[in-house]
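Below you'll find a set of structures to go through.
There are two complexes below, and they share chain A, which is joined by chain B in the first and by chain C in the second.
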Partner chain A sequence: MTSTATPAWLLDSEVGLCPCGCIGTRKKANLVDKTIAGSASLLRRAMFADDTSAQPGLLQRVDPRIKVLSLVGLLVVTSLVHHIPVLLAMYLATLPLAVASRLSLRFFVKRVWLFIPIFTGVIVLPAMFSFITHGHIVVPLGHWFGHRVGLTSQGLRSAGLIVIRVATSISLVVLLTLTTPWVELLAALRALRVPRMFVLVTGMAYRYLFHLLDSVTDMYTARKSRMVGRETDVVAGRAFVGASAGAMFGKAHALSEEVYSAMIARGYNGNARTMNRFRLGVQDLVWVTACLAAAVVVLGWDHAIGR
Partner chain B sequence: MQSVADPILVVDGVSYSYLDKFPALVDVSLTVRRGEKVALLGANGCGKSTLLKVLDGLVFPDAGSYHAFGTAVTEQHLEDQQFSEGFRSRVGFVFQNSDAQVFSSNVRDEIAFGPLNMAMPLDQVKRRVDDTLEMLDIADIADRAPYQLSGGQKKRVAIASVLVMNPEVLIFDEPTAALDPRTQHWLMELIVELNRAGKTIVLATHDLATLETLADRCAVFSEDHRIIADGTPEDILADRRLLLSVNLIHDDDPMHEHPHMLIP
Partner chain C sequence: MHIPDGYLSPATCATFYGASVPVWLTAGRRVKKVVRNRYVPLVAIGAAYSFLVMMFNVPIPDGTTAHAVGGVLIAVLLGPWAAVIAVSIALLIQALFFGDGGVLAYGANCFNMAIVMPVVGYAVYRAVSRHVSLTSTRRAVAAGLGGYIGLNIAALCAAVEFGLQPTLFKAADGTPLYAPFHLSQTIPTMALAHLTVAGGVEFVLTAGVIAYLQRANLPIMRINHGSVAETDAELELTRKPGWRWAVVGLGTMIVLTPLGLIAPGGAFGEAAPADLNLHKYGLSAVPSGLRHYAGFWHNAFFSGYDFSNDKHPVVGYLLSAGVGILTIGVAILAIFAAVRVLRSRGPRRPDLVEVRS
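This part shows the complex of A and B:
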């Protein structure tokens, strides 16, 4: 029978490699470091709001079904508004709501604006230029190929409109997701007769994402702990990201499959159930009335300004 | 009361391969009787976890059959709501990896998950959850999120989430792995106690030292995914040739001469 011998060096203690203390030289964490660790934890906090949804805040008191419906309504209103000041007012109105729901204002704002470039960058950037949106040039950028090029006022306006509309919509969605525990959100969707399959798949996707983020952080930490000294090699850093991406998806997939079996084993069949039975109360009525009033005011105002 | 010899889980000639190319079970037969403690013994990768998943109706054999409580457990039958609820509430599974099993946003919700799926009345769910928290001594962490728990605490939560449904059959995949000695001891006592209370226990392990406490029968897997022996822990532990052949003990390792240590 063969057995692999333990290498001798492993049996000796290492001489002087790491006197575990500070010797005074420091280095700055590099950009890849910061982005990976930073975006994983931010995304994580941005999407998994189990701590904030348990706070005794304003929106936490509203019935999840009502919240989902009013969100959809307000999103429709947002898409119908055509004037920046009106949208700006709507956006600003989400801020006190966030505060009343015990969300950290800084984090709320940060998390909303984090998503904006992802959603709007591609559309908004070109739209500002005169060769896409023709009109009155306000910021001239010289002459290219014999044409005057610059940012047009019309371009800036439509870009601003898109950005503020997206910001408002995301704020609304974030308000909903941060103040509703995930299970209750799923249960609310079920109660609103969203097909079981859809809710099931959404639930699984959420799980998957969760484990994906976990494995990003894990693998990153695991690699970091194996690195001695400073990593100067940017190419190696990138290669790691490339190579680990595949393994990561596999790992996250395996774990989410395991979680899924664990749910099935305890009788899960897509009917999300929670301990809190949904019951409508006065606060729900107040909330609905407020939303309707807001919608009327916003649409009326937008209409009054005209096109 | 039913007789002790009453077979409740019957696996007959089952084979299973992952993705049709990685064999995990080859022609495996096993009968579990009511009130028994059965251990599946074998080296890493021999198929213990897979067989447990078959027993819990999570994986369905490519060949052979599996009956539980007299009914065939198939994917089709489990689509039937009544059968599925009955089966799921009668057989509980504690996973090897607690991370996979603890998925709710806090411990209380986690434990309530099973009973709620069984459509148990709400006040009864709440009462049971409280009792279970108490019993497993985790009431103080009831409102914490799973990722704020230690490995041992997660294990307790995982066990609580299964016990709360009060299943007749409890399946444990490597219950004592990755636990500190004190928690290990606690869990072993719990398993024995549950068995005394009439629960049937099936568990996978490769820990020979705990075998006599945790099992009154054990089935030994060979590395080619077959069950090659089935007997009392005493008989199995005394059979050094067998244990050597399935790589559960090592030729020149005096520490693994368990038979002599355990049976004076």
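This part shows the complex of A and C:
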């Protein structure tokens, strides 16, 4: 993967499939290691998105307002489609878009399909069986208390629908987030009439998120540097987590006071102002037309196959 | 509990956006009124904090770790309205900037984790920590309990949202179009996971942070607990006398006064000497001391709860009751006034320091 600014070692991913660490390997990792790894991975993802959104790709050139509107529209279309072949076609169509936007195809596919089997697969697997989704048994698996048990056609179709729909939806959102710098994303939200205060607060939260993340990493690194061997005391571990989260709140509050003073010093009087410099170009018109055409084709096809 | 896109039908997503928007607007107005201009940095950094709280790994008994949501913790620290906005923004950043949790499902995710969870959890916290000082252990436990119950109610909401999908949205041949499990399957599954592990983790984190702030950074608790007494001793000083219960008890007795009019017989030990059943007690005459002192006081206003020789027994009874209550009330107020005067001359209690940030 070509990267503009982020050092390669930061992009080396550890085996952890969910950023929050709630799913993935059940490795009995130390809570300190896990939190440090978690914050590093968050930073890595943010920096990665910064890098990719700065590439000269197809979607990077589209006006952010148009991009947000069109991708949300496509998400709605995805959720309205009721047939697997149609959804599959939609998913496949996201792949050339990713390539045209200078995203690595391997990364783009991996990002979606690493998440699916763990989260969606486990949830959807039981739904294929006749005791969850009743219907015509296509793969009989014998009898259980006198009832025929097996995979039903309805269950298989339902599972397929969920998996491919989740894959398409995630791909669309990833396309949006990796091709739009966060500042532009916020400005697009403002242009789409999201209340100004809400946008201001979100932008500030995103900016200070990384500042506070630094404090978390410092705190846990300091703890790690004082540890010998493995920490096994669960009670002490919990006390440490409570104390560090409490100390974080103290720091966060002090920070908010400082930010407020700084805002006042720069003339903040309760009104937020945003710059609005977006201008629609030819590529935006082309993109909107393409999205509308895609939506019409997809919904028409889905309707033609029948309910 | 972050629902990705694809599990909920577009109609469900639209419904939850519709349900969340008025709550966001109300929350925005309420927070702005309380902290004015300051609310922008406070809520922004509250949102960043809420995002980070979801990254803190809490050890669980099997040796691995799990993370909490922290919605109730933010509600206890900043108030429920600020928590609604802070957690919503944390979820927005997750959905939009990091791709965790759906964009269409954002309304439903906010409803569960940013609205139901802090509001329910905060209500539990308030109910359990009533009349408790700021440093009391019970306050930390109340916060933990709020976290536990808030998380479980939020999980129940998510389970209902999932469980309604196969009933409401299916193809002609019965194929579920969105999440495939019924209510009878989603509710027990979510309840099992959240009543045990996830709820416990939420309890540990919420109670742990409050307990830490109680001993290490008490002024910060004042953001949302402006005038709560700091210690149990101060709480005793500021506690208002239990007027309400006394008033309710006395009022009930006053309302029941007419019962005396319909009660048959006489009260034990209150009969006049002439009405005594001497035979029952093995006596031959009224004892001389009793006869002597029975007529000792002749100047009662309402002798025998009456004033006109029993011409109007009911009016007389009620009038005596009214005058009696009035007399006792005046006496009590006089005693209170006397106590207050005496106290104000004595040493003053230390004034409560009010810290507001």
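Remarks
Criterion: the second predicted complex is superposed on the first by the 171 of 307 C-alpha atoms of A that agree within 3 Å, B and C clash if a C-alpha of one lies under 4 Å from a C-alpha of the other, contacts with A are read in each partner's own complex, and residues count from 1 in each chain.
One rule holds in what follows: contacts are C-beta pairs under 8 Å (C-beta built on N, C-alpha and C of every residue); 3 or more make two chains touch, one makes a residue touch a chain.
Worth saying up front: this structure is predicted, and the values here are computed from it rather than measured.
In the superposition on chain A, contact of A:134 is made with chain C only, not with chain B.
In the superposed pair of complexes, A:86 makes contact with neither chain B nor chain C.
In the superposed model, C is the one of chain B and chain C that contacts more residues of chain A. In the superposed model, A:267 makes contact with chain B only, not with chain C.
Of the two partner chains, chain C is the only one that A:205 touches; chain B does not reach it. In the superposed model, A:182 lies in contact with both chain B and chain C. In the superposition on chain A, A:259 makes contact with both chain B and chain C. On chain A, the surface touched by chain B in one complex and the surface touched by chain C in the other have residues 182, 255, 259, 263-264, 268-269 in common. For chain B in complex with chain A, the touching residues are 53, 56, 58, 81, 84-85, 88-89, 92-93, 95, 97, 99-101, 103-106, 108-109, 112-114, 116-119, 122, 125-126, 145, 161-162, 165, 251.
Of all the residues in chain A, the ones that touch chain B in their complex are 1, 50-51, 53-54, 181-183, 207, 255, 258-259, 261-269, 271, 273-275, 277.
The touching residues of chain C, counted against chain A in their complex, run 4-10, 13, 24, 28, 32, 36-38, 40-49, 51-61, 63-67, 73, 77, 85, 89-90, 92-93, 95-100, 102-104, 166, 171-181, 185, 204-205, 207-213, 216-217, 220, 223, 357.
Contact residues of chain A toward chain C in the complex are 19-22, 26-29, 31, 34-35, 38-39, 42, 45-46, 49, 72, 75-76, 78-80, 82, 119-120, 124, 127, 132-135, 153-155, 157-159, 161-162, 165-166, 168-170, 173-174, 176-177, 182, 185, 195, 197-198, 200-206, 208-209, 211-213, 216, 234, 237-239, 241-250, 252-253, 255-257, 259-260, 263-264, 268-270, 272, 306-307.
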